[in-house]
Structure formats: C-alpha cells, structure tokens
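As written, the chain order gives the labels A, B, C and D, with residue 1 at the start of each chain.
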C-alpha cells in the first residue's frame, strides 16, 4: 500500500475512469506544534494532532499527499490559530480542489484557584478546532472537552467565542467543576457542593443547551455528556444537537 | 454526578420545564457476551462493547438508566444477534420512548488458509452492528474493520449481507489481504503480490465503492480507508459515502 | 521491515556474529478465542489478546515468527486455559529455545445481584494470565483488574486461586464494589455504604496486601490502585509488591 | 473513594497499624506544560503527561495528594527539564519521604530534510524522562520512541545524552528512518533503501544494542522493537536489556 510510485510520472494527476468522486482525502494523525491565544497570557504553546483533507473530483486519479504536509510546514514551526483560514485557502490552491477541511485537537490549560484555600494550579482541558472551506465560505467549529463527567460541547460561533468561555459555560452547568490543586478544606467544599447539587447527564446537556441557546454568538451547537459512574460498570450518556434559536 | 437520588420518589418521571428534548440518552461502554452467526461454524462466541440509547421528549425530566441494563440482561447471558430487533422494541416499550438505538462492536474471527503453504490460521476482524428503531422501522448498519491499511466499510443492507461477504469485498479490492499464519513461501508470495499491485487509499475506497454499488442488497454505504504508511509519520486517509445507485 | 526473505533459504537459523542474546522475541497483539473455567458455569467463552515470546541465544540470527502462530492455532479454535503449560512446552520445543513466556488478557464476567432489589446483571472484569517456562519450571501469575477505582492485584499462586476469589478479595477491601444492574434503592444503599466507609488508595492497597498475606495459596503479590478522582484532573495512585510472609 | 475528609483533622499524618509500607504513592495522568532543550533551537515547548510518587513508610496512614500538585505548580507554568532533580528533592522534603520518582512523557520534534528533494518537515517522536531519587542519589533514564517499526530504547546515561542522539542511534540501525515530508523522488529512494536493506526486529534490537554498548556515556540500556507487520494480524516483537559492558 506504500506509494511506491516506481516510474517518476505524476500518476496522481492522471485521469480516472471509475467515475467516483472522493468526499475527503488527505493526511491524518499528524502531530504539529501550535500557538493558541488565551485571554490570560496572550499565547499558549501546545501540540496538536492534525487531519488535513480536500475533496477529489471523480476525474482525478489521486491526490498529492506530500503537498498537505508541505503546506502545513509552511505555517510552522508553530502554527498560529489565526492562520487556519489561510491554511484552508492554501490547501485548496495547492491541491487544486473546491473544498478543504482541517481538524486540530490539542491540550489547553487554564490557571484555576481553589475555592477556599485560593491555591493556584494549572487545569488541563482538551480542545478541538474543525474548519471547512467550501464555496469560498469558512465554517469554524470549536469543541471543548470539559471533565465534569466528560462533557463535550461543540459550537459554531458567528463571532469569536473563547475556549475559556465555553469551558465556563459548561462548568457553571455542572454539580461542581474540577480543579488541579485542592487543599483539604477545598476538597470538603467541592464534595459538599456536588452533593448538594446533583446533576444527571440529562440535566447537564439541558443546562448547557439552554445557556448556549441564550448566547447570541452561537449559531449551532452539539452537547454530549458521558458520566463514568463510580458505582456501575457502564457510563451514562446523553446528547442534544440543534441550531440555536432564542424562541424554539 | 452520582445518581444519589436521596428520596425514593421517581424523579426521572417528573415533568421538566426547560423544554429541551434530548436526542439520545442511555448507557455506553458496557461489555456483554454475544453470539454471532457465521457461515462456517453456525455460531461464534464473542464479547461486544455496547451502547443503548433512546430519545427523551422535552417534558420528561430523565430516563431510567437501570432499565437499559435490565432489558439487555433479559437477552443474556449471551445476546444472540438475531434478537437485536426484539431488543430495540423492548427498549422503546420499557423506556416509554419513540425511538431506540443500539450499537455493538466485537471481534470476529475467520479461519484463513495461507496462499502457498495452505497453513490454516484464525484471522481477527472488528465488526459493528448499529441498529435504530424509529417510527416502527428498523434500520440496520453493519461495519467491518478490515486491516488492509485499516479499511472500514459500513453498509445498510436491504436483505442480509454476511460480515464474511463484506470482508471479502474489501480484501479483493486491496493490494493484498492480511493473514494470521504465513510460512516463508507465503510471505514471499504475499509481499510480491502487494508489490505488483500497489493500491493507494484513493484506489481502495473507489474499488470498494464500485463493488458496493453493484451489490443489489446494499442500500447505502460509507467506505473509509486509513493507511499507516511505513515511511511517514502520518496516515493517508480517504472516504466515500453514498446511497447505492447502479447508474450514478 | 517486512520479512521479505527473498531467497528461500532458512535465514533465521543462520549463525549470528554480533554475540548479543535476545531476552524475548516473538509475536504480540494477537487476538485469539479462549475458554476460561469459572466456578458458576464451568466454562466461559472469551477473546484474549495474546503475546508469545521465547529467548534467542546469541548464536542464532533470528526466530521463526510463523511458528508461534502455528503452535497457538494447534490449540485452537478456542484455547483452553488448562492448556497453557502445554503451550509453553510446545513453544520451547518448536522454537528450539530454553525459555518461553505467554500472556493472555481477556474480559471475564460474573453474574452479580444488586444488594437490595436482588436484580441480576452481568458484571465485567479484565483478567490476565502471564506464564513463564524456564529451567523446566512454570511460573504462573494471575492479574485481575477490578473497577473499584481500578485496582490491579497480581498474584502468583502455589495452588490454584480462582479469578472470582481475587475479585472478591479486592471488592471486600473497597468502600463499595461496583454493579452492572442497580435499581434506585440499590443505588441509594451503595452510595451510602461508600460514603460511610471512605477508602483511599493507600488504604485499598494495604487492605488487599494484608488479606493476600493471610492467604496461604499466594506466594507473591503486587497490588496497584489508581483512583480516577472525580474532583481533580489527575489520578491518585499507590502500589505494594512483596513476597508473601505471614509474619513480616 | 473520594477524599471526603469529613472532619478537618490531618488524617493522612495519623499512625497506621497494618504495618505495610507502600512502595509508591502519589499522582498520575497529570498533564503539564514543559520546556525541553534541543540542540537546534535551544528550547522546545511541549506538553507532558506526568506521574509523581514517593514511598510511604508503614507507620504513616496516608500521603497528602495535593502537595504533589502544589510542588509541581511551583515549577510552572512550564517545567524546565533542568529542574527535575530539584523537583525530586522538593517532593521528598515536602512529603517527608526517603525516595521520590517522577515520569514525564511528551512529544518531541526534529526538523528533518527529505533525502533527495531536501524538502524540510517537522518529524515527531515521543520521549520519556524517568528520574528516581533514593539515598540521596538521582537515577535518570531517558526513553525515546522512534517510529521505525516502533522502537523504544531506554538508557541511563552517565553524562548527558541528547534525545536527538538516541533517535539518530536508532534510525541508523533501521532499514530506513521515517520522514514527515517526502516528495515522490524521496519516496522512491526511501522505499528502495528499505527494500535493499531488510532489518528484522531481531536485527534492529541487536544493532541498537551493539551501538549502545560502544557508547561510553551509557551505563544501562533496554531496547524494545515492535513491528506492525503489514501482512499479518499481529506484531513481531523483540527486547534486549543489559548493563553496558565494552567487552561482554
């Protein structure tokens, strides 16, 4: 399956007669350094796992895999998040395609203070950018995976929405948020807060959905909760997906 | 987040006023023994990882998680694949819902002979059943993950299609299929066959798409290929999805 | 890196002059059907992920990978746990080696009753057999991964110890065991029991260690606990390993 | 299992009467930003997954989990690799223990040129630092996971050994190293080079072992190779571990 390409003719550009267009073709599982902007420190260095794809019309035999890597490296050695739109346009241009799609998943850190002791610790989240360029338009979806029973809200924003804001929206909807550093009086406070305020997965997705629905910058959202329940051998799960509408 | 449920009233059946229906709610990541039929031995024992969900109308507060597990256990200690439709109907009935969705992913074995030495070995695949009951109709999708550069075809069949047939369809589209047991003359034969017949991910998804399109029992399909290329640090990837149509 | 083996001479048996013996060489990540005995149903069908290795003296160039698979398949289509010693001996004989080592990791199920409602559900565990043949002696280690904050006790038994017994030993040392099926009064009982009886990872490994130390059939043990704490973004962890000794 | 810590007395420091010392206790699976030095750019920003543990004498009831996180955060917001020894000493001091052990696993990047086209791309590796402080002495082990059939050499160096040097040592022992960016003439060259120079897992571990044995800065090493063979459904595996000795 190796691209052995014995004779050095440009096989990928040859015509193809099976008349089957390919929806997405490209590279996946590529790690790349990235710079993310956050509100507190202006810039955060992280490592993303990337996927870069384009559409392939039925009359082309194949794509040029090395060009995807080449285009990405031109935005290196650290890809800045603000360059994602430029990257999409560079991909369609270089791969001679109509549409391009990129995904970057990466760790994201926030400094948090414990509720009682005020001890400060770095809390890690996982975030994902998915961006699609089609018909000249860019569609940008941000996903944050927030560890309150593992909640994944995705949303498509009309105007920028900070990853921090999505995390906050989720953490405010849960029994209690998580912390990196908790001293004993904090643990007591957090455990009691969660105990007083039980939130099931159904409540959690509804709470986040209701808040997202009131956020004018969000055009579409998907909220998924999975609870690694500590007394069962399975997880509780719930999902809500919808176009935002103030009066549904 | 634990379902602490302090007072023993049936909270889940209480009315909810947020007016947000939940698309899917239920249990995930549940391992369960399963019996699969194969052509050769009539029955194959395997272990599935299951997800069972239903829809939740906006006026219900929550679902009853334990009922999902209870319904599944009524089909145990080994769930037979032929009972999946019954399981879906039992879930909607017991959870008082309109739609139900189940997924089972499991290892599946085929006995294969090496091409030259005829040595026999057990070759493992991963297969998945996804079944949805909505408006009284059952929709059944079978996915097989076939390790020729990791190819995942999914298809929705009108009349039964054996997992073995899907695996064969994919393996016939690749440079060379994989084997469990190969003696040295077999390795030589297999390596040469792959070398003579290079198939890129683009070819692979098109070959499988073309064959699926000629199979009258298939109503819809999705073919996804990912090649863990041995000379790069990333994977090549391609996908085609479509309704089957003899004359596209 | 493919075993291309261009000319069909037996390269693997040729002499090697680098004078470096290989500690373990063989095959890994091989799925194979297996039969486990349990106390309740006599036999349990499962799917193991296997690793089979032997030592390779410095004067041999390589091993014959296909023979490992061949030997395993001779014990198929379902390997019975009682045949592991025979398998080790067959490996050393066929690979012409002094020592052999095999590992099988597999899901294992127990039927459990909820504490109050008496509802019955299948609870899944992960178990592992590691067996080594060296100098004619077989060393057999059983590991059970028990989901009370993920506890892994391994032990080397002098006379047979059931997987069920290891699971019981762990579950009796925890705040509360997990269940597959719990009705609401059960959830209340289990949550309260855990709340009344907090057990930290330090307590858990010590409790299991103390019980293992009193079990005359255990010659050596290792107890490892990892707690996926629900209010932190990290896990608490503890481990104790020792030869059993009634009076330490 | 939550550290509920109902009354605010310092339970962890209370005496314990089970007379069982705990080998290692602490926190695991903690993500933290890290700065690594490389030869080319002086500093590389990465994200590590960390584990921090200490020993716990039998007369102490428990450890103080929050102190591990607190100590780590004092070395933040980005831990510099040169501070690992200081971190170990701070852990023993703060946790009142004799020994401490830390592990950091992280992605590491090298800029590489394709062999023919000279195109430049970022190639990713995974590296790991394991450091132990016991009896006042620090033992430091570096592991690099190099994707030539996934090879993991670990080594304990007497004087500093760069991660780059370990990667080079492995890549020079393989059929052909991997690249991030290869144009078609490069792919042809790399594939042919690998084809001309087949290296089995046995050869690979021996080649790396022989080179490590000639490196005076290495005191101990362990070399592990796993080949995700493209024509089988299992992996070939080999391992060599030894104290370095120029004349064995």
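Everything below uses one rule, namely that contacts are C-beta pairs under 8 Å (C-beta built on N, C-alpha and C of every residue); 3 or more make two chains touch, one makes a residue touch a chain.
Computed from a prediction, not measured in an experiment: that's the story for all the values here.
Q: Pick the pair with more C-beta contacts: B-D or A-D?
A: A-D
Q: What chain lies farthest away from subunit C once each centre is taken as the mean of the Cα atoms?
A: A
Q: Quick check: how many Å separate the C-alpha centres of subunit A and subunit D?
A: So the centre of subunit A lies 28 Å away from the centre of subunit D.
Q: Based only on mean CA positions, could you tell me how far subunit C sits from subunit D in angstrom?
A: Computed value for the inter-centroid distance: 25 Å.
Q: Averaged over CA atoms, how far is the centre of subunit B from the centre of subunit D? Could you give it in whole Å?
A: Taking the mean C-alpha position of each chain, the two centres sit 36 Å apart.
Q: Which residues belonging to subunit D are in contact with no fewer than two other chains?
A: Residues 1-4, 30-31, 69, 124, 149, 180, 182, 187, 191, 194, 230-234 of subunit D each touch two or more of the other chains.
Q: Considering only the defined contacts, which subunit C positions touch subunit A in the complex?
A: Residues 123-124, 147, 149, 176, 178-180, 182, 187, 190-191, 194, 228, 230-234 of subunit C touch subunit A in their complex.
Q: Give the list of subunit D residues in touch with subunit A in this complex.
A: Answer in residue numbers: 1-6, 8, 10, 30-33, 41, 45-47, 66, 69-70, 73, 76-77, 107, 109, 111, 119-122, 124, 180-185, 187-188, 191, 230.
Q: Would you mind writing out the residues of subunit A in touch with subunit B in their complex?
A: 1-5, 16, 18-31, 51, 53, 56, 61-63, 65, 69, 148-149, 174-175, 194-195, 198-207, 209-210, 226-227, 229-241, 248
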